[in-house]
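Note that chain A is present in both complexes that follow, paired respectively with chain B and with chain C.
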Partner chain A sequence: MAMDRNRLTFAAVVVGGLLTTVAFVLAFFVAAPVLANNTLTAGGGALIGGKLITNPVLFSQKIFFFHVPVAITSFVIFFFTAFYGVRFLMTKDKRFDTKARIATEITLVFVALTMITGDIWTRYEWGTWWVWEPRLTTYFIMMMLVIVYFVLRASIEDEERRAVYASAFGILAFLDAPLSFAITRIVPSGAHPVVLRAGGGLDAVQLGGFLIGLAGMLCFGYAIYQLRIREETAKERLEVLKASLEG
Partner chain B sequence: MAETATAAPKRSSSWRQFKAILRKDIVMELRTKEMLSSMTLYTLLTLVIYQIALSQSGSGFDIRLIAAGLVWLAFVFTSMLGLNRSLVHEKDQGCLEALLLAPVDRPVIFFAKAVGNLIFLLIVEVVTVPIFAVAFMSGRPIAGPFWMLVLSAFVGSLGIAGVGTFLATMAVNARGGSFILSVLFIPLMYPALLAAVAGSSAVVLGGEGYAATFWQAVGMGAGIDAIMLLAVFALYEFVVGA
Partner chain C sequence: MDPVLKEIYSLVLPAAPYVLAAYGILWIGLFGYVTVVLRRLGKIEAELRIVEEALARRA
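Up next, the complex of A and B:
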C-alpha cells in the first residue's frame, strides 16, 4: 500500500511535469491568443466590457495557461483543508489534522503562485499592481485566511486543542473559497476577466492547452502533498523511535 | 405520551439554562459596568482618531461618503475588545470550566454568550451613532429612513456577535489572545462587514435606486450571517470542550 502510494507520487511528478510542459508549448507556440471577456468582431478587434478594443492582443494573455490552473488547484487543495478538518472532528484521529495542515501548506504555495502571476499580468494589462476588485479582494482575503491558519496553530501549545481549533478554523476559512471562485459570476462588473463560461470563445486548442495545464498542476499539487505527508510521517516515526530509545 | 412528558421538561430546561447564563452576564455587567464602559470609551477614542485622520480634509469634504464605513470600523474595533473581555472573564475565574462541568448543552452556552455580546454591542452602537452624528455629520441628514439604518446595523451586529463569540472562545485559549482574535476575526468577517457597510452606506448616501442597493446588501448580509452562524453553531461544541 505504502509502496503503491510512493509509485503514484512519482508518477504524479512525472505526469505533472509532462502535462505542464505540453501546456506551455501549446500556449506559446500553437494556441491563438485568449481574449478575455471576448466577442470577436469582424475587424479583428474584441468587445471587452462592451467596448471595442482594437489593440493588438498582448502576449501577456499567455499567463492564462498558467495562472488559471494554479488558481483552480489552490481552490481544490484548500477544499481538503476543510475536508480533513471535518474528518478530524469526526474521528479525533491525529493523522487527519496532519493532512489538513499539509493541505493548507500546499494551498499557500499555490495561492502565492496565483498572486504573483496575477499581479504580473495586472501590472501589464491594467497598468497597476493592485485594484480592490471583487475577485482580487476575495482571493486576497483567502490568502490572509490561509496565513492566519498557521498563526492560529503557532499560538496554541496543547496538541489536541491545536488540532481542534485548526480544523474548526479551516472549515470556516474554506467558506470564502467558493465565494472567491464565484464572485466574478456574481458581480460581473468586476475587472477580472471571466474566460471559462458558456460561450466563452475558447477554441479546441486553447481549451485543450488549458485543461492539460490544469491536469498537470493538479498532479503537481497531489505529488507535493504526498511528498510532504511522507516527510511528516517519517518525522513522526523518528520521534517515536527517539522516545523509545530514551525511554 | 411518555415521550412528550420527557421531552417537554428538557426543552424548558434548555431555555432556563440559556436565561440563567445570559442573566449572569447581564448582572455581572450591571455590577461592574466594565465591558460597556470600556467599549464606549474605546469607541469615543476611535472617534478622536477619526478627527485626527480627517483634520486636514477641509470643509468641502463630504463626510457622508465614508460615514457608514467609519461607524462600522468603530463597531468592529470595540466589538473585538468586548468579545475578548467577555470570554477572558469566563476563563480567568474558571467559570467556563464550571459551565462545561454543569449539565448544560454546549449550544446553549454558545447562544447565551452570543446573545449577551450582541446586546452589549447594540447598546454601544446606540450610544455611538448619535455621538458620531453630532461630532462629524454637522447637521447633514441621512438620505434614507432611520429604520433601514437600524436594520442593517442589526444584521451586521448579529454576525459580529455570533462569529466573534466563537472566535473569542478559541482566542482565550491561545497565546496572545486579543491579537489572535483580531487576525482571525477580520478576514473571516470580511464579506459580512462589506455587506454591512454597503447597506448602511446606501441609506446614508441615498441617490437613485438606493433602496435596491440596500435590500441587496442586507439580503447578502443576512445570507452570510445564516451560513456563518450555522457553521459556528455546529463547530462550537468541539471548540469549547477542547
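Up next, the complex of A and C:
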C-alpha cells in the first residue's frame, strides 16, 4: 500500500513536471496571443502568419496559463486543511492535525506563487502593482489567514490545544476560499476577469495549454503533499527510534 | 517600422522577455522546492534506516 503510494507520488512528480513544461511551452511559444477588444488606432491591419490582425495583441494575457492553475491548486489544497481539521475535531487523531498542517503549508507555497504571478499580471494588464478590488482583496485575506494559521500554531504550547485551535481556525479560514473564487461572479464590476466561464473565447491550443497546466499543478500539489507527509511520518518514527536507542 | 505593426508589437515586445523570464524563474522555483523536499526526505529516510539497523543489531 505504502509502496503503491510512493510510486504514485513519484509518478505525480514526473507527470507534474512534464505537464507544466508542456503548458509553459504552449503558453509562451505556441498559443496565439489574445487580441485586445479595441481596434488599432493606426488604422487598417496587418497580415501576420496569414491572418489579418486588426487589434492590438495582448501578450500579458498569456500569464493566466500559469497564474490560474496555481491559484486553483491553492484553493484545492486549502480545502484539505478544512477537511482534515473536521476529521481531527471528530476523532482527535493527531495524524489528521499533521495532514491539515502540511496542507496549509503547501497552500502557502501556492498562495505565494499566485500572488507573485498575479502581481505580474496586474502590472502588465492594469499598469499598477496592486488594486483593492474584490478578487485581489479576498485572496489577500486568504493569504493573511494562512499566515495567521501558523502564527496561531506557534503561539500555543500544549499540543492538544494547539491542534484543536488550529483545526477550528483552518475550517473558518477556508470559508474565504470559495468566496474568493466566486467573488468575480458575485461582484462582476471588479477589475479581475472571470477566467473560467462558458464560451470564454479560448481556442483549442489556449484551452489545452490551460488544462494541461492545471493538471500539472494539481499533480505537483498532490506530490508535494505526499512527500511532506512521508517526511513527517519518517521524522516522527526517527524520534521514537532514537529515544528507544538511547533508553 | 510600419505604424500598424509598430502598434501591434508595442504591446507585445517590450513586456515579453521580462514576463517570460519572471514566469520561468517562478516555474523553476517550484521545481526547486520539489527537489528540496525530495532531498530532505531522502536524508531522513537514510538516517531512519541506520537507526533501524542499529536497533536490530542491539536486539
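The definition used in the following text is that the second predicted complex is superposed on the first by the 223 of 247 C-alpha atoms of A that agree within 3 Å, B and C clash if a C-alpha of one lies under 4 Å from a C-alpha of the other, contacts with A are read in each partner's own complex, and residues count from 1 in each chain.
To be clear about the criterion, contacts are C-beta pairs under 8 Å (C-beta built on N, C-alpha and C of every residue); 3 or more make two chains touch, one makes a residue touch a chain.
Just so you know, these numbers come straight off a predicted model, no measurement behind them.
In the superposition on chain A, A:A243 makes contact with neither chain B nor chain C. When the two structures are aligned on the shared chain, A:Y124 is found in touch with chain C, with no touch to chain B.
Contacts of A:I224 after superposition: chain C is touched, whereas chain B is not reached.
Once the two complexes are overlaid on the shared chain, A:A204 sits clear of chain B and of chain C alike.
Of the two partners, chain B and chain C, it is C that touches more residues of chain A. Residue overlap on chain A between its contacts with chain B in one complex and with chain C in the other: absent.
Chain contact summary for the complex, chain A toward chain C: residues 13, 16-17, 20, 24, 28, 33, 36, 40-46, 48, 53, 56-60, 62-63, 66, 109, 113, 116-117, 120, 124, 220, 223-224, 227-228, 230-231, 234-235, 237-238, 241-242, 244-245.
For chain B in complex with chain A, the touching residues are 163, 170, 173-176, 180, 183-184, 186-188, 190-191, 227-228, 231-232, 235, 238-239, 242. Against chain A, in their complex, chain C makes its touches with residues 2-12, 15-16, 19-20, 22-24, 26-27, 29-31, 33-34, 37-38, 40-41, 44-45, 47-48, 51-52, 54-55, 58. Here chain A touches chain B in the complex through residues 89, 138, 141, 144-145, 148, 151-152, 155-158, 160-161, 164-165, 167-169, 171-173, 175-176, 179, going by the rule given at the top.
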